[in-house]
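Got a structure for you, written out below as structure tokens; questions coming shortly.
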């Protein structure tokens, strides 16, 4: 909540945002977290899981809206209906949302809807906004973002193969997608689809387009849902979907042919901050569960409570420190994005993208270890949380791709620093002369004392 | 297979065992691994999962038996029906069994039956053997081992609370157990139960007894099954079970009252070797899947196949090296147990217990990362394998308990080495005198040159 | 320099500080770094190393002073002669100072003088200030801080044994100290000594006093200097010193008897920030040397430059990310200290103390590895830098003591979060009732389908 | 000593070797380790360090020889004067030698003489043996191996540039070398030099030759010695040497022109085992010092001895486990080399080369941390040991080069395992048909229940 904002960024958070943050924190802790298990129960079992819409969620949405907690993610100044928070401010709220399974959706701030709404708000035309953005912003429907494909290495997005072919005033789509997250939800009515409209374009970054596809368009088949470790993430889910001659009106194209890369890159910045801050929240919650466990008076081993074992306290301390460092990385990135835009913040956002999931996984894994068997089971939120966050090291580009990119960017300084070091060495030589000093080489007289000077 | 046995231990493996090992390897690769997915499909969905007995498994059992691959785990010389392999030899076979979900059971070498059969073979009386050991050895029934309890920290086994009270010629059991692995299988007919028959005994290691309980005894309730990172491990499963006035004949007691610790400790050694070697096998399989992926010609990124990215090859190399080191630790422990018995091998077994799961988790996680989305999903064996092995860092004592014990044992040398170092320092002083040399202390003349000698 | 200040804290840095920062950066890069090797040569060899005062340093001091770079460390508002920078602002400058061996002293900002000047400025009386603080602030003399003792575990400062006994209007000191850093410098004229004036005080934190001792007081013997790995750190050095009936006037006592802990704790906060930021600077410099090396066109292996090997770029990226995270941790701590004082910032300062050296050691070690043989030798600043920073994991309390303390502090939330989780679980039960839903336990019908309900 | 040989390899150690091993252990612990500090003192200070030959070492050599501990490294069957130990047997002895600074040389088993003697024994002609091998085997002279060059990336040995040009019945050498270890010793009389005799050969592995060069040949200049983290390693040292028209008789060429790679590769296998086992010994000694420290009754913190802090005991346990695993990797490699030769053991040797130094550095660093300030200083062998072993991650190829090579070798299995996995998947499909089962895809009925079948 607002009292816990790191002091370095506190001044940048408006009073209004601090109040909203406190409201979010209270709503999450008192309403959402207790509702998580009920939500899970209302989803049911078997096939029902993909056809349910838990009643408790609608009640939470009503409450959130009544508290003014709705669409907080929409960036300030970005869209007229934005509640007006900066990325920093919403980031702090997202941390709290990340503690509960239902909280993000309750506030209409759940992925992938948020990214999709941003795409529509930023790049959509008025008709597209009226038809799709409006009901999304009202929380009436949900959406999916279809990019990754099973048959190629999608971490290099240029590999994507889904065909988007013009046919009169329609586009015809053929291909397959997977990890279409959210496609499992019966309320998912629209897909934002990335594919290739111009596969022969000489510029590999201009071959792609993004198009809006109704989920019930003929030719679409959801084959199955992908599991994450053993979790199905129902009803949301991660779909494996084929497109066979799926026809959509040409008007559904977003922004224009060949602008797919531009759109998805604009979509990524804020989303990465949101994911990162929700993940920080999950790590904080795991740490709290760990604290509860190691202070549980019923759980003593070898005459001590767990908290009295030195190695456990070190886990607590490291977890605290690592979360705090990771959070500062994200908040600094959010500020950079707020002040200079996503492009200027690429480095900072990439760092948040890579650092946060690893940090959180380490913290959660320690908590699981502290819990013993309960940690891996359904009796704590830990195993589910771990599995979900593990995908963040892969989703939207694996760590290694981002690290490689970050390394190449940092390496651009290579020549400059090499030149500087050369100048410094030259200056040193000058100084040696100026001061009339010679280097005292280690063993510099061996030759003379042993064989006479050569 | 036999050609890959580390050279350091190869001489100790008999020709007969080498042949059996080659047979196991072929059976696993050609029959069991292909059967894994069919087995999963035959388990079915929903509640059916806890009431199924896949037909393919019975066929595999027949084939295994026909190949002479049956009960290989039973230690040589330990029981008349043992096929006569050493722990080393069976360990090498267990590595192959660990590559497949169904292979261990197909050879009647699946936990917890193996440990339970060992208990019965080693400590059971003739009646107990006839009634329970025989059908277990024939693969007609299965069993569970009930030790861990949810309400206490079971990693300190003295905390266990299940009451075993004498009442005439019966014992009456009250309490609850969880992580009763195997209890989900409809063929699980018998529980080996650890509890307290003498809770007030001054010796905390003499309060416990082990008793045989039929799974259908009145008063037993299986409340639910525990999940492992979302996996249910059906039909095997991990049960949460209560005992309410469960009466069993006094003759079901194993070995005698107060001998529970003795029994479970005798049970642990070989089982830890089995688990460790199966885990090595799972790590090897993960490495193979990773190799297949990084050489998949369809999966290129940024103009290269995955294998061409330097960091990926380093993962391969480290995985190879770490698995090889871990395997040697286990095989050395198996040899020690073969030659000097489990007690003498405590240190070596504990090292295998701790080192192997961590190593395998690292290897499997690298493979998951190399696969991207497929890695966390049902499309590879990796996520399921990871989850199962993650429990080995907790089961049968968390790593930290074992490390603490290992640290205390190693520390017993503390005084001895301190004394030795003191003797060495004293000898050094003698030598200084003998050679008429004085130490050249760094800056040893500062005082003299600056202030004159004090 | 000022353009590189992390955006999250940039607003807090005054224009004047930004200008000073740019001046520091230029001075360090263009004057100090080139001077480092000359300084080393002027120190000379053998015993001379402890009696030298390199001329180049005095020239640098003059230049620094002319640039207005003098005593920047003295906290704003803390002392009338403070140049008026906040801890944040000076921290940013300290990062640059940390890139060069001579820069801190050139600006009269070198440890341990900085901490000692703070002690005198904050706790000294006017006579003490006139005699010792003034020449220190003028850079005319240097000082040492004598706390650690070889015969006890000084990481628990209560163990310190140096006797400080009242004898008339003098105190008499007996005992030994080591790691008396700076005692090697011939210009080191004064020791700030921590010892026990009241060893029987019931409060173990009131037994200690701090007293000012002239370095040439009779009874003091510098026995030798301690090396750090193989470095002697001459002329500064790390002294091993004994006190035998060393008499100092009672007026040399600082603040009062029994107030030793209070003084050393007040001394620690800013010093830890200084050390941490200098260490960040050393890590940045190591990264730059690494960049220079991996882009060196003469150093190709297997047909590629080092920068083209994937694993090297990942080191670069991780180094960038880890340094950035660590820096934010320190700057956030500095801001907290600026705004709320060192006591309120204990947690943040401890995190900086622990996180930064580990981070820097990792970065420097990667640079060493990239350099190969040159990295461990005298041909780069890397090995020397690594060795010096390695001591920071020990000095002023080893990591483990700080982590334990941090763990205990965080754990104070244990009961509160356990209570919260209990409330949340209770609320969940209410919601189940309210919504008329029951939990769908995994395998919850096993009992019924198998045996009929118990 | 012999009682501690890992059980897996014990059978392979002859009784004679066990006796020799016990003798080595006793000699190292009782004679060599106490002599280390005297040796250091006898080296003296300043330039004298490069011109000293400590008397104590000659006495130790006499004693070693009288104990039958001389040239144990020379592989069995390799040379008529070999004492007849296998690589495994000598490896076990080398572990003990690695505990002391002087022990290897005392037994005439010090690098680089061992490798050089092997080269001469294996590839030298009779005249070369008579002139150089004989005095080396007698311990009368010492030698250096000159391969690495400062101006290129020597980790790719093809980069080496030293010119070896035929001129009549002489070769003329021009170029420079560094990390010429041992060149500092006044008794170093001969260099084994790798250079290019045929730089235009199409086969980059046939351009090199190895030639014997007397250390006092005109045209050779030892410019200086390289330090290792501040240590000079005198009198041995690591030389930086130039060759200017250095003429040596053509008869000094070893084996023949263009056979340089063949020679250095033959030289590497045993040497890597020796280094690895000495490093294991250093790690064992560090662990012993750590045990001594954490049980030191004078060193209590916060009311406990260090051994009572949980995290310290975990360090002890992990150190024990990691050393044991690393040792088994080396011993397995030694056995492979004994039984199948160095070429067959390439993988195993590379693993030892990479795994052992990292393991030892971790163990030693823990010991340093446990010691606090004493750990980094001259008061324990730890800092010196750490620095020396740190170079092993670079020397003779950095870890990354070896890991890359190991990764590429392991990856050769890529196609084979991919094919196997494909066959297994095909078999699975057959089994599905055979058993009449269909896969139960997660969410496989979404499409049907939601939209009707497509």
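Going in written order, the chains are labelled A, B, C and D, and every chain counts its residues from 1.
Methods note: a residue touches a chain if its C-beta (ideal position, glycine included) is under 8 Å from a C-beta of that chain, and two chains touch if they have at least 3 such contacts.
Just so it is clear, the model here is predicted, and its values are computed rather than measured.
Chemist: Please identify the chain with the largest separation between its CA centroid and the CA centroid of chain B.
Modeler: Here the answer is chain C, farthest from chain B.
Chemist: Have a look at B-C versus B-D and report the one with more C-beta pairs in contact.
Modeler: Looking at B-D and B-C side by side, B-D shows more C-beta contacts.
Chemist: Nearest whole angstrom, what separates the Cα centre of chain B from the Cα centre of chain C?
Modeler: Measuring from centre to centre gives 45 Å for this pair.
Chemist: At what distance in angstrom does the C-alpha mean of chain D lie from that of chain B?
Modeler: 35
Chemist: Specify, in ascending order, the residues of chain B that touch 2 or more different other chains.
Modeler: Residue numbers touching two or more other chains: 45, 226-227, 232, 309-312, 314, 378, 400, 404, 442.
Chemist: Using the touch rule from the top, collect the residues of chain B that touch chain D in their complex.
Modeler: Answer in residue numbers: 6-9, 11-12, 29-30, 33-38, 40-42, 44-45, 55-56, 287-289, 291-292, 294-296, 307, 310, 312-318, 320-321, 324-326, 328-329, 331-332, 335-336, 339-340, 347, 351, 354-355, 378, 400, 402-408, 410-411, 413-415, 417-418, 420-421, 424-425, 427-428, 430-432, 435, 437-440, 442.
Chemist: In the complex formed with chain A, which residues of chain D make contact?
Modeler: 47, 49-51, 184, 186, 216, 218-227, 232, 234, 237, 239, 244, 309-312, 314, 441-447, 449-451, 454
Chemist: Which stretch or stretches of chain B touch chain A in the complex?
Modeler: Its residues touching chain A are 45-46, 148, 150-156, 159, 178-179, 226-232, 238, 298-302, 306, 309, 311-312, 368-369, 372-379, 383-384, 386-387, 390-391, 393-395, 398-401, 404.
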